[in-house]
Amino acid sequence: MIKRLFDWLKQPLGLIAVGIGFLAVFSVAAYGLSTTQKAPEQPIQFPHKTHIAFGIQCLYCHPGAAKGPAAGIPSQAKCWACHQQIAKTETSELLAPLKEAVESGTPIQWVPVAQVPDFVHFNHRAHIAAGKNCEECHGDMSKVTIAENPQVFNMGFCLNCHIKSAGEDQAKLNKLADCGTCHY
Amino acid sequence: MATVSDLKITELKLSEAEGGKWGMVIDQDICTGCQACVAACAMENNIPFVGDEDSGYGRSMHWIRIERFWEGEYPEVKMTPNQPMLCQQCGSATCEPVCPAFATVHSQAEQLNLQVYNRCVGTRYCANNCPYQVRSFNWRDYQRPEPLPNQFNPDVTVRRRGVMEKCTFCIQRIHKAQDKAKSEGREVVDGEFTAACAQACPANAITFGRIDDPESLVSQLSKQAHGVKHLEELGTFPHITYFKGG
Amino acid sequence: MTYDKKEKKVVHAEHHAHGDDHFREKHLMLDPLPRGQMNDMVMESMTEPPTWKFWLVFGILSVIVAYGLFYSWARLIIEGVGIAGVNRPSYWGIFLVNTVFWIGISHAGTFISAILRVFRAEFRRPFTRAAELMTTFGLVQAGFSIFMHLGRVWLFYWLLPYPNERMLWPNMHSPLSWDLIAITTYLLSSTMYLFLPLIPDLAMARDKSTGWRKIFYRTLALGFRGTEGEWAHLRNAMNIFAWAIIPVMFSVHTIVSWDFAAATRPGWNSTIFGPYFIVGALHSGMGAVIVVLAIIRATMKNMKYFIRPEHFDAIGKLMLVISMGWAYFFFNDYMVQWYGGDKWTKQLLHFHEGGPLGWMWFAMLICNIAIPWAVLWNPKWRSIPWLVSMVGIFINVGMWLERYIIIPISLTINRMPFTWRMYTPGIEIPLGIGTLAFFCLLYMAASKLIPLIPVWEVQEGQMAHKLTKYGRETVVTVSELE
Amino acid sequence: MSEQFSRRDFLKLAGVGAATTAILTGCGPASRYVKREPYMQMPEYNYNGQSTYYATTCRECAAGCGLVVRTIQGRAIKTEGNASNPLNLGKTCARGQATLHGLYNPDRVTDPIKRARGNTAYFNVDWDSATQTVADALKNYKPEEIAFLMGTAPDHLFDFVSDLAAATGINAPVRFGALSMFEARATLSKAAENLFGKAGLPFFDIGGAQVVFSFGSNFLETWLSPVSYTRGFVGLREAKTKKRGYLVQFESRMSQTGGKADEWIPLKPGTEALVALAIGRLALESRGGALPRAFADVDPADAAAKSGVSLETLERLAVMFASTASLAIPGGPSLGRSNGLAVAEAVLALNAVPDNFGKPGGVYLSALAPNETEYHRPASTQEMQEFVQKMADGKFKVLFIHGVNPVFELPRSIDFKAALSGVEQVISFATFPDETALEADYVFPDHHGLESWGYQRVATGSAQPVLSGAQPVVSPFYNTRATIDVLLAAAQLAGGEFATAMPFKDEVEFLHSKLVPLMEETGGSFAAVDINTFAAYFQQHGGWWKLAGALEAPDTADVLNHDLNGEEPEFAEGEFFLVPFVSPTLAEAGANKPWLQELPDPTTTVMWSTWVEINPETAHELGVENEDLVKIVSEFGEIEAAVYKYPAIRPDTIAVPFGQGHTAYGRYAENRGANPADLFGSQMNEAGDLTFAGVKVKIEKTGKKLPIPRLESIMGVYGEALGKEHE
C-alpha cells in the first residue's frame, strides 16, 4: 500500500502533484504573512505627502508626541479648521467622509498603523526629548499617502537603537536595556 | 582561589543588593488591616478577581495580603499585629535565578525584581522559590465582564492565563514620575509620588520612596532600630522594613 | 517454529553433544539454539498476527490516550492551568511528580544496557532492548508531563538557546534550563544508544520480511550487511556510547534533583538529593523493567526461552541492593533534615508523617523497603516472575508516592504559614493516566515493529559461554569476544 | 472653566475599551482590527494619552470623603483620596477604592424601565415618558400622599427634595441607611441631648487622647467615618509627641478595633453601661472625694459579677482611666440593645472623670456642615417603622425611593416588601437593580456617584466644617439621568405649585443656589465674588471648608447629675447572644462590586460569603466544625451560614456579618451568603434605634458543609491538620 503510494509519487505526475501542493501551502502562508505587513484600509485615504508638502509639521497634528506617551490622532475639529476654508473640501470625493463626519458629529474611525503590543509601554515624549526624529521610526511621510510602517516595530528594532544610543555609557545602557523600561 | 579583587567584587555586589533603590517601610503598629491597600493595588494594577471557588483554593491574585495570627487562648487571646505582605523587592532575590526564561529578572536601572509578563512561560518555579509566597499566577483567563475593562489602567499590562505576576512597587508610577521630572529638568522629589497601597492607606502605615537617598523619609525610617526585615536570614536582602507592633 | 518446555529437551538432544541439562535449563547462555532458529523465533514473536486481546487492550489504551492525554491537554491549554489542582503554595503538582517518575523509569534502560554492559554482566543480554525502549518511551512521557505543567506551553521554545533579535537567551542560572538540556541530551543519546544495537537485528528482520515491513526495516537498517568492518564499527560505537551515556544518565537525575535541592524551600534544600534521586530512579526503573519483562514473557510468543527465571533472580538481587541503597539515602536525608532542627523543616517532617496524607509516607516506606526486603531475600521467591513483578509494581507505587511527598506535600509547608494549603489534584489525574497509557501503547506498538530481543547479542553471549569441567566441578567460563 | 459646562460633551471612546481587550488576546494581527476614534473636539486642557484628574466626593457611604479620580480619554481609572479635603486628607478606604467597580458594574440599570413588581422581566421606557410618569405621580395625587425615601447620600438631592416638599406640601423626605442603623446614630444624638442638652453627633478626638476605652465602637472598620477615625487611631499610637496611647476595647466579639487594641475585655453583652459606671465610680474613688450622682448607685462587685470582668481588672482599668488624658467611646452593638441609650449615656458620662469635654483628646459635638443650620440625622429605625406602617396603611399613594435599599437593609420583621403593596405607585431611582428596585413599578436610574453633580455634608470626623463637592468625572456611561433633572422636568410638566416651586434650569443651577450662601462666609478654603467662579473653585477643590476647626464643646454642667442606669437589657429568647456587625469591606451596598467581594474580611479573611463566628469551645460542645452549615434561629427568623471557629469571641456569643444575603443586586451579590437582618426583631431602644443586638439565637446543625473561601490558611493560622503543633 505505502509502497504503491511511494511508487506513484515518484512518477513525474506525482512529483508535479507534490510540487503544486507545496506551492499552494506556501502561497497561502505567504499571503497570510503579507496581509499583516500591508498598510490597513483607512476610512479616508489620507495623503500625508500632500500635507507635508504644504509645510505642516508632524507635531502640528500629533502634538501628543512631544507631551506624553501617545502622539494621538488629530480631532476632526482640527482637520476642519483648515479644510472648511478650502473650496475643494466641498467637492472632493476623498474628503466626503470628513465632511460627513463633521456635519453629523460622529468621529472618524481610523485604523492604527504604528502600534506596539499591549505589554510594551512606549513613550513618545522620551524619544522626542532624546532628539529622535519622527521619520527615524515612522519613515518619510512625505513619500506616502496613508501611513505605512517602514519596519516592523518589534523588540529587535527597539533594542538595536537603544543599545546604539547608550554607547559606552554603562548606566545609560542599564536603563535603556532594562526589561522594566518597557515591560511592566 | 579567590583573590582580593574577587572578594571586593563580591562585597560590592552584596552591598548593592543590600542597598537597592526603592524601598518601603510598613508600620504594623498602626496598620489596621482595613484592606484599602489591597483594593487600591487591585485597582491600580488591573489585578483580576478570581471568584469564590478559586479564592478559597489559594488562587486569589492579591499582590498584597494582610496576614494576622492569633496568640493565646480565649479570653487572653490577642490578634498579632497585621502584617501586610507583598513582594519584598529583594536585593538578592531567590525568584530570579530559577526562572529559565529570564522573565523574572533584576532591574539594573530601578533595582527592582521585575516580572516580564510577555516573557513568562509559566514554569512557576519563581513562586515556589519565593520564601515570602507573594507571587500570584494567572491560573485561568479571569473574566471581567463588560464594561468592567473600562477601568483598566492603561499603564499596566493586562495579564493573560499562564503568566506569573507580583507586586511591581508600582513601577508605572515610578516611570511616570521620572518622565515628568525629566521633562521638567529636575530629579524626582521624595514624596512626589508613591505606590498605590501607600497612597490609599488611611493609617499612613506604608511609606515608600528612595532608600538610597539618605534624606528621604523612607530611608530615615528604615534605619530605625526597631525595624525588622522578614526572613533576612536567607540572605535575600528584602527592601521592606517592618515595624512590629507594641 | 515454537519453543516451550516440552520441546526443549528434544532440541537440546539434537544440538548439544556435551553439557549438563541442569545448567542449560537454567541459563540461557548455556542453552544455545542455531542462529536461524533463534532469528525465526524473534521474528515470529514480532510478526504473528495480533490476537483480539491485543487489539482490545490496544483499543482501550488508545481511548485512554485520546481522552486522558490529548483531549485533557487541549483543555488544559485552552482553559489554563486552573483546571489542574495546583495552587498557592503548591505551584507544582502531579505534573512534576510524573516528570520525575518517568525520568526515573527511564533510568533502568541505561542502567541495564550501559552499566551492565560495561561491567560485563552477562545476564543482561536478552533484555537490554526491552529496557532501552523503556528509557526512550519513558522520557517521552516525562517530556509530556513537564510541558503540560507550563502555563504557556506554546512558548516552550523560549527555553531553548537560539539566536534571536531580542538578544534574549535562556537563563543558565536556572536548574530548569540545565534540566531541559540534560533531558534533551539524554533523550537523544539514549535514542541513539537504542538504535545502534538495533541495527543488526533490523538487518536480520529485513532479510526475513516482505511487504511494508521490508521497506520499513530496509530503511532503518541503513544497509547493514554484517561485514567484519561494519561489526567493528558498530562495536566501537556501542562501546563509546555505553561509556558516554553513563555520566549523562547520572547527570540527568542529579539535575532533576537540583530543581528541588537548589531551591530555598524547607525539605528541598538538601545536598544529598542528587544520589538519593539517582538511587530512587534506579529503584523505580528496575521495578518497571521487571514488570515489563514479566508481561513480555507471559504475552509474547517464544519469550519463555529468552527470558527465564534466572533473569528475574538476577534483577531481583539488584532490586534488593538498590532498595537498601534507597533506604540508606532516605535515612540519611531524613536524619540530617531532622537533626538540623530548622523549625520549618521540622514542621514539614511532622507534616509528612502526621498530616492528612501521612498514610502516603508510611505506604512509601512499606512499598520501597518492607516489601522488597521481605520478598527478595529469598532466591526461590526471587525467581517467581509474577511475585517479583508484583514487588516491582509496589516499588513503583512507592516511588511515585515518594515524589508526591517531595513535591506537592512538601510544598504545602513553607516559611509563610499564612499561605499553607493542601493540594487536590484535578485534571492531572487523567493526564497522568494518559501518559501511562501512552507509554504502554508505544511499547505495544514497538513490540510489533522491532525485535524486542537483541538476537545477535544473545548469540554472541552463547558463543562465548562454555561449560568446562574442572575435576568434578562443572563451571561456566566466558571467553573474551573482542 | 467659568462657564457652566457639563462634561457631557465628552467623547465616546468605546474603541479604547475594546482595543484593550482585543490586544490581550494576542499581540499580532488582532490589534489590526482595532479602530481609534479621535476626539470630536479636544478639550484644551487635554492631550492624547494623558490623564485628567477630577475632584469629587465618594458616595460609598455617607461620610463624604473627598476623592480625586484619575481619568484617561473619558474613562475613570483610579480613585484616590483628595489630599486637601480635611476629612480624609488624601486617604480612602477599600470601598472608596472599589467605587469604580460600581461605575463600570456589568449589572447597572442602563435605561429607565417599567416592570411588574417583583418580576425580573422589564421593558425599557424612554426618558420622556419616564418624566411624564413622575409628573403624573406628582400631579395626580394629593401632596400628603406623596413620599420620598432617600439614602444617606447625597445631600444635595435631599436638600432639593426637602425644599420641594416645603414648597409644595408633600411629605418631607425620610432618609435611612443600614449603616446609620448599625451605628445607632439616633441613640448617640439622643444621649448627647440628654447629657449636654443639645442633639448632635459627638466627635471623639481619639488622636489627642492618651488612653481610649471603646465600648463596642468599631471605629477602625466602619463607624461614622472610618477613614478619619483611623487617622485618630494613628494619632493615638504614634509616639512622636507623647507616649504611645493605650486602647482598651470592651466588646464580646473581637472586632478589628478590638484586635488592634492593647487590651480586649470580653464582657457579657449588655453589661457595658454597668461596666462603664463601675469604672467611673472606681476611677473617682481612686482619686478620692465625693461621688457624683451619676456613679453613686453602681456596685462595682456586682458589675464585675454580672459582666464577667474581674473586679481587679476593673480597678486596674479605672486607675488607668483616672490617671491620664483618657477618652471613652460608646458605639456598636452595645447601643443596639434595649438599654442602648443608657449605655451611650453611661459611657459619655464616663468622660467626666478626666473631664475631657471640649478639650483635645476628648469629646466634642461635631461641627455643623457649611450649609447646614441644625444637626440632621437619618431616620431612626423607629421612624422607619412608622414610615413603613404608613405605607402599609395606604397613607402613601406614591413612593419615590433613591439611594437606599430598604427591602434588604431593614430587618425582615419590619416588612418593607409587604408594606409596598399598600403603595399604589413605587418609583425607584436606583442605579443598580437592587431588591427594592425589583419591587418598584418604575426604575428611572440616576447616574452613578462618579457621573453625578452634588455635594455631601460631612456630618462628623473633621474638626472643620466641610462641604464635599461632587462633579461628574466621566460622562454618563448609560442612558441614565440625574434625579434632580428628572424631578425638575417632571415638576414643569406637573404644573401648578410644582412648576414654580423649584425655579431651576437644571441640577447645576440648583447646586449653585445652594453654594451662594457660602460666598458670604469668611474663613473658607477659597472665596470668589461671583457664583460661577465660586462653583468652579468648588469643583476644582472638591468642596468648600472652613480653615479653622469649629468643634463645639458640649455643655457639661449637668453631666454628672443625671441618674445613670446600669440595668441589663432584655433579650429575645434564645441560647446565644447574637452580635451582628457590618462587614467593613462590603457595608450595606458593596456586595455587587467584585473586588470588594474578593477582599478578605480584616478579622477572619473570609471572602465572597457569610459566616458565623463561634468560639471553638462552643463549637466543640455543639459538635460543629469549620465550614459546617448551621441554621441560626431567632424568634423572628432564621438564616443559614457556615461556621468559622473564631478564637476571640465569648463562648455564649456568636457573630454574623451584615452585607451579604442579597436576592437581587447583580451577579456578584445575588444568592450569596445570608442576611443577619432576617434575625432581628422590631423592638426599639429608648432612642428609637433598633435593638439589633438584642436577640438571642439557637444554633441547629444541618449536616451540610459550605466551604467559605478564606485567604488565611487554617493549617498555618490555627494549626489544624498538621503533624504536630508548629512553633
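Each chain carries a letter (A, B, C and D) given by its place in the written order, and its residues are counted from 1.
Methods note: contacts are C-beta pairs under 8 Å (C-beta built on N, C-alpha and C of every residue); 3 or more make two chains touch, one makes a residue touch a chain.
Since this is a predicted model, take the numbers as computed values, not measurements.
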Chains contacting each of chain A and chain B, listed by label: C, D
Most contacted chain pair (by C-beta pair count): B-D
Cα-centroid distance, chain B relative to chain D, in whole angstrom: 32
Centroid spacing, where centroids are CA-atom means, of chain A and chain D in whole angstrom: 52
Cα-centroid distance, chain A relative to chain C, in whole angstrom: 54
Whole-Å separation of chain centres (CA-atom averages), chain C against chain D: 67
Where chain D touches two or more other chains at once, by residue number: 20, 24, 49, 711-713, 717
Residue list for chain C, restricted to those that touch at least two other chains: 416-419, 421
Where chain A touches two or more other chains, by residue: 117-119
Chain C partner contacts - residues on chain D that touch it in the complex: 711-713, 715-717, 721-724, 726-727
Residue numbers on chain C that touch chain B, as the complex places them: 79-83, 86-89, 91-92, 149-153, 155-156, 158-159, 168-171, 173-177, 180, 259, 262-265, 411, 414-419, 421, 424
Residue ranges of chain D touching chain B (in the complex, touch as defined): 16-17, 20-21, 24-25, 49, 72, 75-81, 88, 90-98, 100-101, 103-106, 220-221, 226-227, 230-231, 233-234, 237-238, 254, 256-260, 264, 266, 477, 584-585, 594-600, 602-603, 605, 607-609, 615-617, 647-651, 667, 672, 707-713, 717-718
For the chain D and chain A complex, residues of the former touching the latter: 11-12, 15, 20, 23-24, 27-29, 31-32, 34-42, 47-50
Chain C-touching residues of chain A, taken from the complex the two chains share: 1-3, 6, 154-156, 159
